[in-house]
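Per-chain numbering from 1; labels A, B, C, D, E, F, G, H, I and J assigned in written order.
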Amino acid sequence: MSGRTDKELEGVTLLGEKGTKYKYDYDPSVLETFVNKHQDNDYFVKFNCPEFTSLCPKTGQPDFATIYISYVPDKLMVESKSLKLYLFSFRNHGDFHEDCVNIIMKDLIKLLAPKYIEVWGKFTPRGGISIDPYCNYGKEGTKWKEVAEKRLFYHDMYPERIDNR
Amino acid sequence: MSGRTDKELEGVTLLGEKGTKYKYDYDPSVLETFVNKHQDNDYFVKFNCPEFTSLCPKTGQPDFATIYISYVPDKLMVESKSLKLYLFSFRNHGDFHEDCVNIIMKDLIKLLAPKYIEVWGKFTPRGGISIDPYCNYGKEGTKWKEVAEKRLFYHDMYPERIDNR
Amino acid sequence: MSGRTDKELEGVTLLGEKGTKYKYDYDPSVLETFVNKHQDNDYFVKFNCPEFTSLCPKTGQPDFATIYISYVPDKLMVESKSLKLYLFSFRNHGDFHEDCVNIIMKDLIKLLAPKYIEVWGKFTPRGGISIDPYCNYGKEGTKWKEVAEKRLFYHDMYPERIDNR
Amino acid sequence: MSGRTDKELEGVTLLGEKGTKYKYDYDPSVLETFVNKHQDNDYFVKFNCPEFTSLCPKTGQPDFATIYISYVPDKLMVESKSLKLYLFSFRNHGDFHEDCVNIIMKDLIKLLAPKYIEVWGKFTPRGGISIDPYCNYGKEGTKWKEVAEKRLFYHDMYPERIDNR
Amino acid sequence: MSGRTDKELEGVTLLGEKGTKYKYDYDPSVLETFVNKHQDNDYFVKFNCPEFTSLCPKTGQPDFATIYISYVPDKLMVESKSLKLYLFSFRNHGDFHEDCVNIIMKDLIKLLAPKYIEVWGKFTPRGGISIDPYCNYGKEGTKWKEVAEKRLFYHDMYPERIDNR
Amino acid sequence: MSGRTDKELEGVTLLGEKGTKYKYDYDPSVLETFVNKHQDNDYFVKFNCPEFTSLCPKTGQPDFATIYISYVPDKLMVESKSLKLYLFSFRNHGDFHEDCVNIIMKDLIKLLAPKYIEVWGKFTPRGGISIDPYCNYGKEGTKWKEVAEKRLFYHDMYPERIDNR
Amino acid sequence: MSGRTDKELEGVTLLGEKGTKYKYDYDPSVLETFVNKHQDNDYFVKFNCPEFTSLCPKTGQPDFATIYISYVPDKLMVESKSLKLYLFSFRNHGDFHEDCVNIIMKDLIKLLAPKYIEVWGKFTPRGGISIDPYCNYGKEGTKWKEVAEKRLFYHDMYPERIDNR
Amino acid sequence: MSGRTDKELEGVTLLGEKGTKYKYDYDPSVLETFVNKHQDNDYFVKFNCPEFTSLCPKTGQPDFATIYISYVPDKLMVESKSLKLYLFSFRNHGDFHEDCVNIIMKDLIKLLAPKYIEVWGKFTPRGGISIDPYCNYGKEGTKWKEVAEKRLFYHDMYPERIDNR
Amino acid sequence: MSGRTDKELEGVTLLGEKGTKYKYDYDPSVLETFVNKHQDNDYFVKFNCPEFTSLCPKTGQPDFATIYISYVPDKLMVESKSLKLYLFSFRNHGDFHEDCVNIIMKDLIKLLAPKYIEVWGKFTPRGGISIDPYCNYGKEGTKWKEVAEKRLFYHDMYPERIDNR
Amino acid sequence: MSGRTDKELEGVTLLGEKGTKYKYDYDPSVLETFVNKHQDNDYFVKFNCPEFTSLCPKTGQPDFATIYISYVPDKLMVESKSLKLYLFSFRNHGDFHEDCVNIIMKDLIKLLAPKYIEVWGKFTPRGGISIDPYCNYGKEGTKWKEVAEKRLFYHDMYPERIDNR
């Protein structure tokens, strides 16, 4: 089979492995990376993650969200099974929606040193109101710093229709 | 449990409390805030509020709307249960759609001194016509003042399809 | 203009009237009827009512629903503006979702003595769960009694998709 | 060109004609028929008519609806351009929604003597409530009489979702 | 490769052939069949055909439709590429919508002698009205004869929403 | 009741009044205004009007459209019931789609002297083609003049999907 | 306030209470009931529960589902906040999808002795395939026993469209 | 009737005429124009044309598309019935999708000398792939030349979802 | 963890295993079963499988489908990961759509001896036409034999809308 | 037939040919081109390709995606049947999603030397997460180089809603 060689898959330990351990306490150390083979051209990678759940920091009640993560890799890329495990580790973590979204972004910046990244959480309603936090980041010293600012300035000018059903 | 500490939740009195009082007369004093833990980076928070109802100032007939509120916090954030109570306080309030939307924005500016805020109301039709007012604001002395102008200038170039059914 | 004559509109006092009074305490006496001109053939009339709001009987918190009312008139029909006023009269009424839907049906049975009627309420979620009660009725001594039973037996075999957004 | 011959098109005078007169006062005499070439097998023909408008009999305010007409022809079929003109003739006609739908059905029964027919009107809301009347008919002495009863008994067990937007 | 053998594909001459001739005059002779390998159990096959076009028999104006064909094979099945060519052969054929749908059904009955077949045409509007004819058939001497009657009796009790856009 | 005072409602004569007269001949004089209470900040007001109907100037055939009107008020705002009456006054008016949309805009400019206004009509098809004209305007001497040009330049780069059903 | 009296709310201890404990280990004892005030007529109550999560019994990986519960009450009704807590108690429970759905039904039968109940789980995909189990029950000695059989026999003849996105 | 006068309709010969000839060989000479009455302000007119069909230049197989045409008129406007006839004239024309779209644009430029025009064709799939060409043009010596370039540069950054069903 | 015990998971060898072998030649031997723990009550299990691909038996061209499988287990249930592997084994298998669907059903009958099973394939179009075969089966000596016949008789009376995009 | 001449179709060998060979090992050599007849004006061509499948480089498990390819041709255009064959050649190719998308773009750049090209892959989920890579390119020495950068900077600011069903 052509495509990625074993060498190019070094560091990817979880994918296809038997007996994966699922952690339910917040743990960014499960994240794994692999090398970006297309560093000559910038490009976007988006992860759609509709199975996110955490806890309310005050009441302990479970919260649910879809998390959208988009980034422009520099040298490293995040392996998607390890990303799944990382997001599962919020299962017993208590934090406000706004905090979760910022934490996810900051952990991925630390892991990947990406050129650009954004994280958008869309939570289900409590008391008839739902909350959708969005944060982003562009690497200092690249054009992406200014792009991040621009994308934030013109974020979500067409909010999706919500009726709680 | 990790996440927000009790100290970081100071000022949040309504969430999870028993015996919440629901006010049905306009009352911005029910709004509560908590501290923004991510002041180092600007980000957006959106509230989707499909359960808004007020009264027509002339006929007393109930009006219904979905209200979308988006803001960029500075030091303070609005707690979502108190926001729910605030919006419920319009239940016996009589005002034109255009006025309600402006009032909500101004109350939140006073409460939060946010960097940016916008409020979009989408009301159900009366006499076959529905009204959707939108207003926004950017803080003097920040880039968000100009952003507010730009977002207003290019507001809603793709109106959603409406057929009253 | 052809169509309904003034005589055929007797009893319809609210439609097009100035200065309608909106009651916000439960009051079935606002309901008005007019004569069914097509008593020779049974037929259905459905009212779609997406602007229903009541209060939680325990917490006082507002609830919201879309109410679907379908009936087969006998001699009388309900005038739609009076139906609107009647539904508005639940605005300050505290009852469980299941009770509201049964009460609406029983008030309309009393008013109209219809051959058949059904009421389906679809409420917005509280705590992540939404409740949709459905009740119906067929007049004793008509085929509609058995029809009501059959329609209940085969009610809602394809529940609509709900994701709280 | 194969297909219907001129002879088989006898009685069709409006289709493709120049200078059609549009009547805006209720006038069933504009309806035209042509011969059913497939009388050996029963079949359905449905007309989707989303451009129906009439007037409120009390206030004179315009009403709007989509009308769905389905029938099983016997010997005659209604020509669709003449049906369009007939529906346009309600433009200045004042009647309740429930009456319009019954009148349309009865005019077509008189014209076509169909084996079966049903008419469903779906109107836009007034005061937050919309009304959808439905009536049907099966020819005496055919199985369609009983079918009409059955179709009425099990009419619309899945009301479409309505939110007035 | 496992699956159908060459012998089992006998009679299939058009599939994968170079230089297919497209006929634009009504021609049922292009239809081809292959043998039903599952004659022990009755089953349905549906063809979705959104690219149907014919001509108005009076004005010559092109008409457009999606045609849905569902059948229960007996010994023979219709090959889909030949079905495509057959439907293309209506391209210059002038007939009323109601006639086209009946003709297609009758040609396929003649070709396949199926246990059951139904054809539903959904045309685009002319003058604001669209027409959707539906016909069906069950083979004499089988249970499908009665099934055909039942399916016709309860055809399309939930007409799809149409707004001409 | 708090909200708009009677004084702030001066000039609003139609809302909640009995015996409204519906004019069906084009008449911009029915339009009424009220004072903008939020002149300190520019904001948008959109009217969704899905019940527009006029006549073809050549054939007299009725046309149907949804009209979307968005404006930024200066000192005056248009009262929505009077807007409804104004749009109803096109009911017997014959004009091309492109002309109707421009006329509506110009009448509202004359009435309101708004900072910005745009009108988008989306008509139902005739002969398989539908027409959607769009025009806009920005007040001389304000930034909105240039905004109008920009919004026109980048108008509708994502046309909605249309299939005439 | 009219509606349910305190006495009629006896046994409802969780609704509106402060300091709710969220259990994450399977615990049917959290379920609470209240009295059915409409025992004279059978009716349906549906709960839409899109926030269900459990664990895979073999891998420990979290699973996610929307659970639809519909029942016809006899003497008792389930209180919705206690239902929420019960469903949350599956959060750390490991079972196959098919088992979870049967367990939920059986716990509610034990609690409520309902005339009829059905539970439909719709899970998110693993390995490209999603699983939707459905079970139901009708009380011995009532017509609902036969109804349950019929509803099972004709369950889901129109599977919803699934494309994993 | 007010609106366009006969004089303002000069040159419009096809609209409402009896005995229209439908040409099925490519013929731009059928196009007709009328005068733009609103030359003082630039505005957009869009034609939605879902009934386009041509032939594959190599195989002769029919192709189907929806064509969206948007233009900013200068002195002349295209009459919509003549546009319909022009598009019908592709019915027997063989060309690649990319060529059809360019040809339509160039014919309309020649006819109308518009300030701006764009044509977007969305074809149905062949072999699992569908093709959507888009071209545009801005008049030399006007701002629309640069606008055309900008609109091309930022064309279709959000491709619609396609799954071939 | 509560739920299925290891003993109750006997026979499930693939789930969570490392180094799964993916076979791309038709191989029903990969299917695995586990014991039905709820044999006291009949219930449905549906698998949604949108990632099915096979080959055309004549041209070798890949075909794509969504396969819906619904069954009522008797003693055995099919494990979903093994079902995935089985469906993948059609990847290099050449057969007509109608044959694939029948083969899948027959292999599962052989494996599970279910009380009832049905398989519905919805393929993407070739040459503008898509094919959706449906077959089903009920076990001899149970009520499900008659149910299977009934479900087939009333199969798909509301074909989904298809436009190939 | 008018349109493309045989000469203008030179190099197009696969379209309409009998006996096409389907390769299932990655092979860019199957791609064919034809001449751009509209080199005087830049324009876009988009290919919608919902039938893409490859293999996971580590586990060998099949992956599925919809690929959207948009380009601005210079002298050459890619023939769509050859594009289909090229995409089929990934069927047995193992590579990460991010790699596939970049490889497709680079092969087409090499083939066509286009002014601009972009490729967006939208894959189905594995483990609850789906991945959507996007890359683009603008030709050195043309304005399209800067356009590519801009389009990347403002890519996908409105991620589509994903719920894995």
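Heads up, the rule we're going with is that contacts are C-beta pairs under 8 Å (C-beta built on N, C-alpha and C of every residue); 3 or more make two chains touch, one makes a residue touch a chain.
Each chain and its UniProt protein: A, B, C, D, E, F, G, H, I, J = NADPH-dependent 7-cyano-7-deazaguanine reductase.
All of these numbers come straight from a predicted model, not from anything done at the bench.
For H-I, the matching interface among the pairs F-H, D-E or G-J, defined by over half of the contact pairs being the same residue numbers, is G-J. Set side by side, G-J and D-E show the greater C-beta contact count at D-E.
Using CA-based centroids throughout, the chain positioned farthest away from subunit E is B. Comparing mean CA positions across the assembly, the chain most remote from subunit F is I.
Our note on geometry: subunit C versus subunit E, Cα centroid distance of 44 Å, whole angstroms.
Separating the CA-averaged centres of subunit C and subunit G is a span of 27 Å.
Mean C-alpha positions place subunit B and subunit G at a centre distance of 34 Å.
Residue positions of subunit H touching 2 or more other chains, listed in rising order: 16, 20, 48, 50-51, 55, 59-61, 64, 124-128, 130, 154-156, 158, 162-165. Those residues of subunit F lying in contact with subunit B across their complex are 1-4, 9, 12, 15-16, 34, 36-38, 41-51, 66, 68, 70, 72-73, 77, 80-81, 83-84, 87, 120, 143-144, 147, 150-151, 154-156, 158, 160.
Residue ranges of subunit F in contact with subunit H, taken from their complex: 25-26, 55-60, 92-96, 98-99, 101-102, 125-137, 149, 152-159, 161-164.
Residue ranges of subunit B in contact with subunit C, taken from their complex: 20-22, 24, 48, 50-51, 53, 55, 59-62, 64, 88, 91-92, 124, 165.
Contacts from subunit B toward subunit D in the complex involve residues 61, 64, 122, 124-128, 130, 162-165.
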